[in-house]
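Shared between the two complexes below is chain A, which pairs with chain B and chain C, respectively.
The block that comes next holds the complex of A and B.
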């Protein structure tokens, strides 16, 4: 008797789960477009969603604040110098009495702006170099990769310093160029690897079997299939570039006062960090906030765009 | 003039260990509207043979000798550019694994129309219309509504049908099918073979089917070439080959087929002992000798047998073809 009941329970469970599975499968089919599927996986990853919101809120803060605030970020007023955070000045003021809430946002515009611009440039150069290298193959590939190895051997800082020295001036765009030159290598390598792997795919051979020329193979069959990796890499490169900019500005090679970037703000705070620690803390936290959220977004994107990789790891 | 004449084709691959003689002197002729089946185990050089014909052998592989004449045109010396124009237009090809032969990021429609527009001067609409006709021709139900689907919505059999539609889209005179059914379920296999036969007749195509499945060629091919270690070891009409196989290797292959007759459920399948030879330094002697039941009594391990015509239309590369063994047995007894 008991056995029978158990069995009936078991069968009911089986039927129910089968039913649930059936419904799930149906739902999965309806939204089966590649990107919608990825979006679905991304939104189920709580850490990634929180990170994305954190990232967007930071971007919103730096873009909107200077427009919305009535305070002049360049107005010098020694009567309110070194004020601690308060309702009037949420992040306090610096040694010239300038409001740090607005200045941090302004600095963020520069830092994030340079970050995005340099990341896009890095992607452009890296994808081109890596794709050519992997696609053409042979001795050209060998030569391009050995050249890259040589560049890899040189440290990051001299590249940026030399580039900036060649330009003679430091502004937004020279910073972008300097940071791009200093950090496009990894993207190129990863792209080459991607192209090499994709080149082995049956559909590439099938395309060649119906007479597709090289440009069709490259632009139709290879590059679109690397898009997922490219998107992930944008969010992996961005933090590095933002940090690089902050670092250069901090040591005085980058954006210089009275213009602000997170690096220069931290540098200004550094001179008085023992008495007024919030001045260095705030831009530092902003940098950390942006970098961490970008990394978590990249992580979530990787899981969303390449679910098989996660299965393999598990 | 034959549709395709392959003469003494040799394709070698350079490796660190030495040069692999993947295809080592293959010759055959395919008449128009005929089907040739190429059979052999993995690594016997079947695929490399047809890739060489198509000019698709990738580095480090290289066609080092021989000629391929398609409709009287020499392909081995042709410029890449011309060969690209030929591929997909006058020669179509189908690959083994339909699951990976379609680009996952492009719709089925795009992949068909791109081939069409590559070789034919068609507008977008015309190409689309033709693509729907092609899908109907390969029996995809509701073709018009499935044109904008991505490949992952198609089953394996349907994807192979799409691959076939792409291959025949420009009305080729020669269709090469490299293991067209190997990756498919048995029930789907028959459908694909029927479809290929139907299309071959409708489009007046010559066809080469590569397979390691004797059943597939028995059904589809007019002539059969059996390959072993980069060479053709036996070639005959399908009927003659199945009725009176001559080469010990062919006999062994046929013996390895499961049968439904007799005590099939309890019988073990016969296997061929040993492994194919190393193709970096293929033996000077008969390449099948180390695995051959009939080798060893004479110079099998010393002299390489030539391909000879043992009776009209039946070629074999062996010192001990079946019919001669019977004769020998009669003499000695």
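The block that comes next holds the complex of A and C.
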């Protein structure tokens, strides 16, 4: 695939006249900025574009539907309980006759909201920890990394459960904290690696040589250059966090009714799966949709922001 | 190599101590006396005796030392809600069930995941590759409670007469099939992905080209050079996958009503049986730590270059 593209580029270059080439030579480079370059590469990656559209459409569905729909997601009406999907209720209704199209959107708001909040928190903690460890170095780095090694591979669910038990209640923010505590390690490790690699660069040494203080080096030269990795990691962390929230909700440690997340909706559907299997299917497929699209967006972003890694792998 | 092994084995001790300390401190934050009068009403004198016996009247760091001593002698203390049962009894009863389920699931993941990865890599960018990876990716994204429910719905409810599989329980081999598939699914997709990735990388290596160039038959190249070198990374994936299995077992055991440790953990959280929660968490963490150690040593043996970095 890449070979084809390269050959196409090459042939296009051959076709251009020497004249055109001469004009181009004098002009400023069109794709000079890293971000425009990345955007260009991203939009040429068909899988990534489709995934981005799928991701955005899911976000649009969960944000817009509750505003646009005239149905009350909390109105109980037993006369229309357990209706199969129809024109009036595209996803059917649950055991209380509540419309699942709107409720799935509301659940998505909670799930995606928790997902993004926890991801941002994870990134914050991870970046801080990793940056300190990688930047300071020495025995502090050693100690911090040994601590991470110790936590490596521990199952996150028990620790999230214990955190929730400490709080005593489950709501949006306790869930965010629990998921953050249970899953910030990977980000910290990756960030440290990034900082360590970037520290070797000549521009960092040059900045130091001309007398830049440590905070200028860190905030001006190191952290901005990790932005690409950070953006990729947001999309890599998000699926795990959304899934973790769904697991916790499914075993009964979710946000309390009548509010719901995709996990609690799936749990409600599970209680009636033998007769009404569509109820568990819909929120689960929504989770899968979000996870898959985020995953492919992350993939596309990696190829776009770090083309060197791709060449190495291919 | 011996030095590396000794270093790696000794390193697990502080790690274990740290993890016990963290879990212990977290559990303490939940608060409450382990011998709450709500569950076991006893006279004050006996209450005081109990507290002395289990060191509840001591400062926290002494309690931690006692607890750690208990853990290293494989004694996790008494259960808070079940009379006359210790955490050890509960683990002894339920852990073998979970171990069997986890083992079967891991087997399923290996037996299905590795061939899928190999096939996808050898047929890269063909319809076979795309179909395999679509299956793997879909399986990765679908939450395991959906996979479990669908399996039950299709094979134990709809096709009940043909398959004769039960919807829940853990008695004979018939009851093992569906939970194994449901639990092994996520690790299976991960194995397939890792094997495919490392196969593709190995196929690019010079020695593969050399082997091909000197006229070795393709089957032999793959069998002799590619497979051997690309299955090593799959070994490293095994320890993190244990985490997946444990997380998954909480849900799968709940759905299928399997009397394993994962289901009891969830019940213990709701029943506020915190010594069980603490004990099982420490046990699971200990297993992961030991698995990490074994994988690192194995990896150090297979690939000597990693010995320095993996202490």
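Quick note on the criterion: the second predicted complex is superposed on the first by the 284 of 314 C-alpha atoms of A that agree within 3 Å, B and C clash if a C-alpha of one lies under 4 Å from a C-alpha of the other, contacts with A are read in each partner's own complex, and residues count from 1 in each chain.
In this section, a contact is a pair of C-beta atoms (placed from the backbone, for glycine too) under 8 Å apart; a residue touches a chain by one contact, two chains touch by 3 or more.
On a predicted model such as this, the values are computed, not experimentally measured, just so you know.
Chemist: Considering only the touch criterion stated at the top, classify A:124 as touching first (chain B), second (chain C), both, or neither.
Modeler: After superposition on chain A, A:124 lies in contact with neither partner.
Chemist: For A:252, select first, second, both or neither according to whether it touches chain B, chain C, the two together, or no partner.
Modeler: In the superposition, A:252 touches chain C alone.
Chemist: Taking the superposition as given, does A:147 touch the first partner, chain B, the second, chain C, both, or neither?
Modeler: So A:147 only meets chain C here.
Chemist: With both structures fitted on chain A, tell me whether chain B or chain C touches more of chain A's residues.
Modeler: It is C that touches the greater number of chain A residues.
Chemist: After superposition on the shared chain, which partner residues are touched by A:292: those of chain B (first), chain C (second), both, or neither?
Modeler: second
Chemist: Please name which positions on chain A make contact with chain C in the complex.
Modeler: It is residues 1, 147, 149-159, 161-163, 165-166, 239, 243, 246-247, 250-253, 266-267, 270, 273-274, 277, 280-281, 284-285, 287-289, 291-292, 295, 313 of chain A that touch chain C.
Chemist: Please name which positions on chain A make contact with chain B in the complex.
Modeler: Residues of chain A touching chain B: 32-34, 137-138, 201-203, 205-213, 216, 220-221, 224-225, 227.
Chemist: Residues of chain B touching chain A in their complex?
Modeler: Per the touch definition, chain B meets chain A at residues 54, 56, 59, 84-89, 92-93, 95-97, 100-106, 114-115, 118-119, 150, 152-153, 163, 166-167, 169.
Chemist: Hey, which residues of chain C end up touching chain A in the complex?
Modeler: These residues of chain C touch chain A: 14-15, 18-19, 23, 26-27, 29-30, 125, 137-138, 140-143, 145-146, 149-150, 152-153, 157, 200-201, 239-240, 242-243, 246-247, 250-251, 254-255, 265-266, 269-270, 274, 277, 280-281, 284-285, 288-289, 291-292.
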